[in-house]
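In what comes next, chain A is part of two complexes: it sits with chain B in the first one and with chain C in the second one.
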Partner chain A sequence: MSLLAKWLRPGKDNKNATHDAESIEQQALLEQYPTLKIMQDLFADCADLIHWSWPESQLDMLYFSHLAGNEEFAREISEPFRSIAPDEMEEVLSRSQYKPALDCRSASKGILDGNVCLFHKGSAYLVSVSLPETRSISQSETETSINGPHDGFVESVLINLSLIRRRIRSTRLKALKLQVGEVSKTDVYLLYIDGLANAENVQEMKKRIELVEIDVVHDGNMLVQLIDDHPNSVFPLFQTTERTDAIASKLAGGKIVVVMDGSPSAFSAPSSFFEFFASSDDYYQRWAIGTMTRMLRFIAFVITISFTALYVSVTTFHYEMIPEDLLITITQSRSRVPFPPLYEALLMEITIELLREAGARLPTKIGQTIGIVGGIVIGQAAVQAGLTSNILIIAVASSAIASFVIPSYVMSASIRLIRFGLLLMAGLLGNFGIVMAIAIIFIHLSGLTSLKSSYLTPVAPINLKDWLDIFIRAPFSWIQERPSQTRTPNKRKTRIKQ
Partner chain B sequence: MHNRLVRVAMIVILLGVLAGCGDQRILEKQGFIYSIGYDWLAKGKSAEGSVPGNKVKKDQLSVTVWLPVVSAESGRQHPLILQTVASTGKEGRFRLAKQTELSLASGQMRTALFNLQLASRGIMPYLDGFMRDPAVSQRLKIVVVDGTANEMLKKEYPSHMNTGPYIDHLLEKEVMNNRVPESTLYSFMRDYMDDGVDSVAPIIKQQGTHIEASGIALFDGDRYISRIDSDQTLIFAFLKGSFKYGEINIDLADQERKGEKAMFSSLAGNSKVKIKTLPGERLYRADISIKIHGILLEYLGDLQLNMESDKERLEKAIAAHINNEAESMVKELQKLGVDSIGIGKHVRNSLSYKEWKNIDWKAVYSNMDIRCNTKVTIQSVGKFEK
Partner chain C sequence: MKEKLYPVHIAILVYMIQTGVVVFSLPRIMAEAFGYNGWLMVPVFTLIAALNIGLIAVVYRLSQGRSVFEILERSLTKIGAYPLYLVLIVVWSLLGCMVAKHYVYIFQTMAFPTMHPMLFKLLIDIVAFLLLIKGVYNISKATMSFFVLTAWMGLLLLFFVPDFEFARLTPFLLKGGTETIRGGLNGYTAFLGYELTLLLFPYVNTKKGFIKAVHAGNLLTGVLYTLYAFVAFGFYSLGQLTAFRFPMLDMLSYIRLPFVERIETLFFGFFFFTVLITIVMYIWASTEALNRMFPKAESKLLAAVLLIVIYGVSWLPDTLSKVEIWLKWLGYGQVIIAIGLPVFLILILLILRRKEQGHA
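And then the complex of A and B:
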């Protein structure tokens, strides 16, 4: 146990020691003026680094061809240097796009960013030819929309920034550039609208991102876990999304948005628990329909966490609760099952989770096969073999379906997990256990904070005006204020100046 | 971190292991008593369930339960009837439990049947047992059986496979139509505890291949005293208070009108009781004003109902008829000394608590002057008029 605990608690002293020893040597090297020799040493054993040399004009260059775009390379390198007299060299290199590199640090970073490093007579220059390969802008797979815009974020942060800037054409949209990852040096942009976002929130978020200590960050969802208020909670505290329209509306609400290079998921903060049940599609429907869908999701939440648990508690403890007409039906379907209700339910829930996980990782065509096989096995064979009861299948299936109604994949996964806690409590203590488990969940939720604001806003602390845009989707003319959770200096919508 | 992890792990393990301990009542292992019937066995009679041939040596109780059972082999449902003889209700349950592999559960009990002999000895000991058991629903119906509950539950009715639900649904429908008053464990106990009203319960009787609601049992405290026959039950509903639905057949035939009959349907209305304090011996007078409106479905007679004047005459005739019946019913109740309508509540409400405590209500009630005043409105006489 103590080993496990030690392994869980990162040994801070150790890590710092090795880190320092490494860096003293490197540091000295990086401070030097870049020469071809030193740079080649730095990139020793990098087979993909191209070294091109023209001895007659005393020109050498180092670059990664896979980071360079063909057109850019031709424009900046091939054409100017193809037929050049050695004495014209200085004049060409003094053009503005050739920036002199003063130390190895900037030179190596430049090469890694997709620049060509030119060496001429002991001086080093950098010129950008980068055109990293990116996926074209497409619809997000996890958050599809029926009515609204279909553009989703991609893995390139610059494209993502351009998508956001195209939606919010304002000089007040600020973007702070930060870096995360000791090894990966990933670019992270912190976006906010000046005058709408709370300045303290911006500072806090900036501080948290700067303080992240980790080698590599691969995705926005990963970064969230490194900077949110309660990393051990099962609930996501910042809302991640791949939808550009969602991010634009968060920014306009006074929230802070963080986009990260290499990840199509941007996240916004602070977020409240109830926000995860809203989808941008709600705003593209008539308000009554939007309201209905939104309420449906809260009902789905209740169904997901409680349906199977209720089945277990009722069949194990509270036969009194079953209506007369259902009593015989449920007893009949239970009569051939050899397990107690709890184990029966756990068996089915785990099978459903297995199916879901198998389907999620497989290519679509095989995924369909899994669905059919699982559907038949679960739906019919299990009942006919007498392993489970019909009613349980309905309960498990409807709670699984309901869990997919929740638009945020991260939240839906969290809810699926806490469902098992409810199930166990129901099997142990019946309805009393369910109530206890729900109480524990709510105690936990009300203790959570998202960027130092209560996670249960606008229920606790209560703010009825916010309910218009949280529990229902009121007509736009009713929603006159920005969400209170952001502590925005400009409460009233459609106004930006103080 | 260390401690927390251990604790969380322990809780999860405990939850998994402990689930399954405790006071479990797994559905398919329960025998849900649907109906329970109590019969009085007088000394000297032979009874089923006791050793055959033996006469009952002392006064005893026969307890019968009807429960739906699902057999694990076929998955089919069939009724199971258990019967035993005991000296108390609880002892009866105890003995019944020995006769089945299921644990008898009372949480789905719908009807409790008491036969007339038992009811006239008082049903409180059994109701008390129901009240104590939190699993027993407050909506359990208290019913009096004319005959024996045992026979009623045991008999197979050709058109109803399940006797328990048959009785239950029959009563529910009869209550809806105001032919019998609602009598649940809750309402019975409420009226029993209340000092201004006496409890009532429906009476059912086995008639050949079916069961029918045959009247209303009037209780004095927890003892059955007398009954109101089924053709009079709607009059009782009129007196008791507001009602929303009912049908009544009225035979207006007397010397003047030969063969005049009316069928009055979709009745709705209410009754109000006013109490007046009188000087002298008879202290109080109660005026019950009954208002009824409904649709005339059938009429056999000479009046032309499309004429306003004739309609009014019929209304008056019906009102007089109902009034007559109501007053004679009230007289009858007064003679029996049971205040099933709840006049006492109105008297009590018109007095201070001290005054109410000082009067001997039973004595006052039987001497009271109670008058009825009925008003009938015929809303329509059918879909077309001549």
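And then the complex of A and C:
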């Protein structure tokens, strides 16, 4: 067998061997004591690396100017070293901010993190001058808020951490620093509140992040797919958000939060399917309005997955379900359409998806044009041309609008995808097909877990107390306990056991 | 962490196993067997089922939560228990399979009459297989969500309130019934399903509350069945009830909303969820028994083989009436198992206990 495998994949072993030899050489180099020469070799062909030299003081330094802040650079480098005598150099370098670099690995990582690496008389030191350019804190575009806080996460993990720390001023808020990506070496912080988060969950999450094997991770949404319980499922299993208030509330609920550098999306775990229908805004409204909005979203879910499917099912197989008066309208509307309802619906659904995708990819102003062109051309002209019926336009439009009511963009996209499955089943087997499709969806959902807890919590396993904060937004005085899914050691919201 | 079943899961599971398509013909069966006010016998059946659950409770207490298969094998030896397993496998798997086919045939009286019933049956078996391989804990989770999806249908009874007349109930009590014993037995098969809890012992979370949960599930079934039958008896006359094959289905077709009517195909569709759980749990029970016979075999493979075999068997009855005859006989068999198996287990456990005490 192994001979056959070698014959089928010639040269693979050789390649591996070369790669291994290279990496051993590289490893050996990284273990050495850092000197200017070795460091310059390591960063060979990096045109953006700055090398400054003061021969009179025997001082050399390597750094990336674009990772350094002007003020920081002036404070740590320009001012201390500007006017000192060569014999004072060692005294300055003995200050605590100048940390000795003991091997090339830490020196190179330090430079990549925005430190200046100083070389003096055979010794190497690192000093942080890091202030990478970031965009300013602004409102999240995917999760807009009407009357809640407007600050959203940005791409810098340190700014994101500061936003979270400003909301939760507690020594119990812990942040474990981890790293993912063989090449990108991205910083990932695992946050939890000690005493509220389940210790097993924290360990499990830490283990999963440490075991990630990938070269580069670009975004929190990407990391989620690498560590969640069922990467092949269409549903998101950890909730991602760009809203700082949402993350603070998840932490306070006993969940674990992960933020990573370079991504404005933080995610919390464990999450349940129903949680994706809640928005932070619900808590900033009076409870009755919050409850109504939340219920509206569940109705929107039903509309999204069933409206077009029901249209197809009824107009293909179950005409008897339509009352007489309405039947006349529907038959008139469908009389000019030459296609079976399934084709007609698929045509419209795909068009709507095209419009949505085009609108998302284009700049806002052109996106609006696309909306108008799509609305008029697809809506009006398709009916006049006899390609589709009025009623279907209403069904497709309502289900598309309803899909956007779901606050989580990732969940909304998943639901839009499963809608096509329902549509096909309705076209093939009518109402029975719809019911079968719903059964399959729920069978799939019942098998899903989020950080080893049931994804269908609090319906299965049932927990009626959790319903107060999942299906409705009960008055705050009613919501006494943290979500059961977190398996928190401190159930009651009002106290923390010492 | 091994997940276990909580009492509420068990209660809902019992209710969902018990509730099936029989509910659509239950008022007719009661009318035929017991005549006027036959619905009064539904609570009596609930009570009989509760007594039967009492037997299961004794088994549970004596066995201290051990698996019934373990108990059987300890006294009968492995080989000795095999014939019993075989009987259980045949009855349970065929029941699951015939329940599915029954559902298909009833559905085809309303829609898709020209489509081959075995195609529908195949689809149901595939869905059942998908659920079956997820294990009993996930089955119970799916059951819970299906329960939530179907529980609201009880509210449909409100539609019949304006047309409900007490006069139709008449002052006669249980008069005018024919074939009381056989009809009654048929009616009792609507309550079957609770006996599968015998196999749930090893999967239960807490020792307390298990039997209470089974009773609660049975009670929920009993209350809902009584309500359905009561409303049907006040909605239709006795003559109508005995004339309709599926009176509840006809009642569903009576519901009209401003924008939709004749919704029985959709609502009957929703009953698929409860039927699916009945099917899956019977097949699951058979697979459990089969697993004892072939402990080294992969349970997913056993489930697949079993489903293929019974799919083949389900070609045999080719009309609704024939399926009903199969169901009737399998139902009788199941009644015997429901009562006989716990009694047999109690005897074995008592003998084992005496032996152990003798040794001590």
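Convention: the second predicted complex is superposed on the first by the 475 of 498 C-alpha atoms of A that agree within 3 Å, B and C clash if a C-alpha of one lies under 4 Å from a C-alpha of the other, contacts with A are read in each partner's own complex, and residues count from 1 in each chain.
The criterion applied here is as follows: a residue touches a chain if its C-beta (ideal position, glycine included) is under 8 Å from a C-beta of that chain, and two chains touch if they have at least 3 such contacts.
Model, not experiment: these values are computed from the prediction.
Looking at the shared chain after the overlay, A:Lys452 reaches chain C, while chain B stays out of its contact range.
Of the two partner chains placed by the overlay, chain B and chain C both lie in contact with A:Glu320. By the document's definition of touching, neither partner reaches A:Leu131: not chain B, not chain C. Once the two complexes are laid over each other on the shared chain, residue contacts for A:Pro461 go to chain C alone; chain B is not touched.
Of the two partner chains, chain C is the only one touched by A:Ile443; chain B is not. In the superposition on chain A, no contact is made by A:Ala474 with either chain B or chain C.
When the shared chain is aligned, chain B and chain C each come close enough to touch A:Leu429.
Once the two complexes are overlaid on chain A, the chain A residues touched by chain B in the first and by chain C in the second are 317-318, 320, 322, 429.
Per the touch definition, chain C reaches chain A in the complex via residues 1, 6, 8-9, 12, 107, 111-112, 120, 123-124, 127, 130-131, 134, 138-146, 148-149, 256, 258-263, 265-266, 269-270, 272-273, 276. Residues of chain B that touch chain A in their complex: 1-2, 5-6, 12, 15-16, 18-28, 30, 32, 68, 70-72, 75-77, 105, 107-108, 110, 135, 137, 165. Considering their complex, residues 317-318, 320-323, 326, 429-432, 434-436, 438-440, 442-447, 452, 454, 456, 459-462 of chain A touch chain C.
Chain A meets chain B in the complex at residues 1-2, 4-5, 8-9, 314-320, 322, 324, 327-328, 330-332, 334-337, 340-342, 424-425, 427-429.
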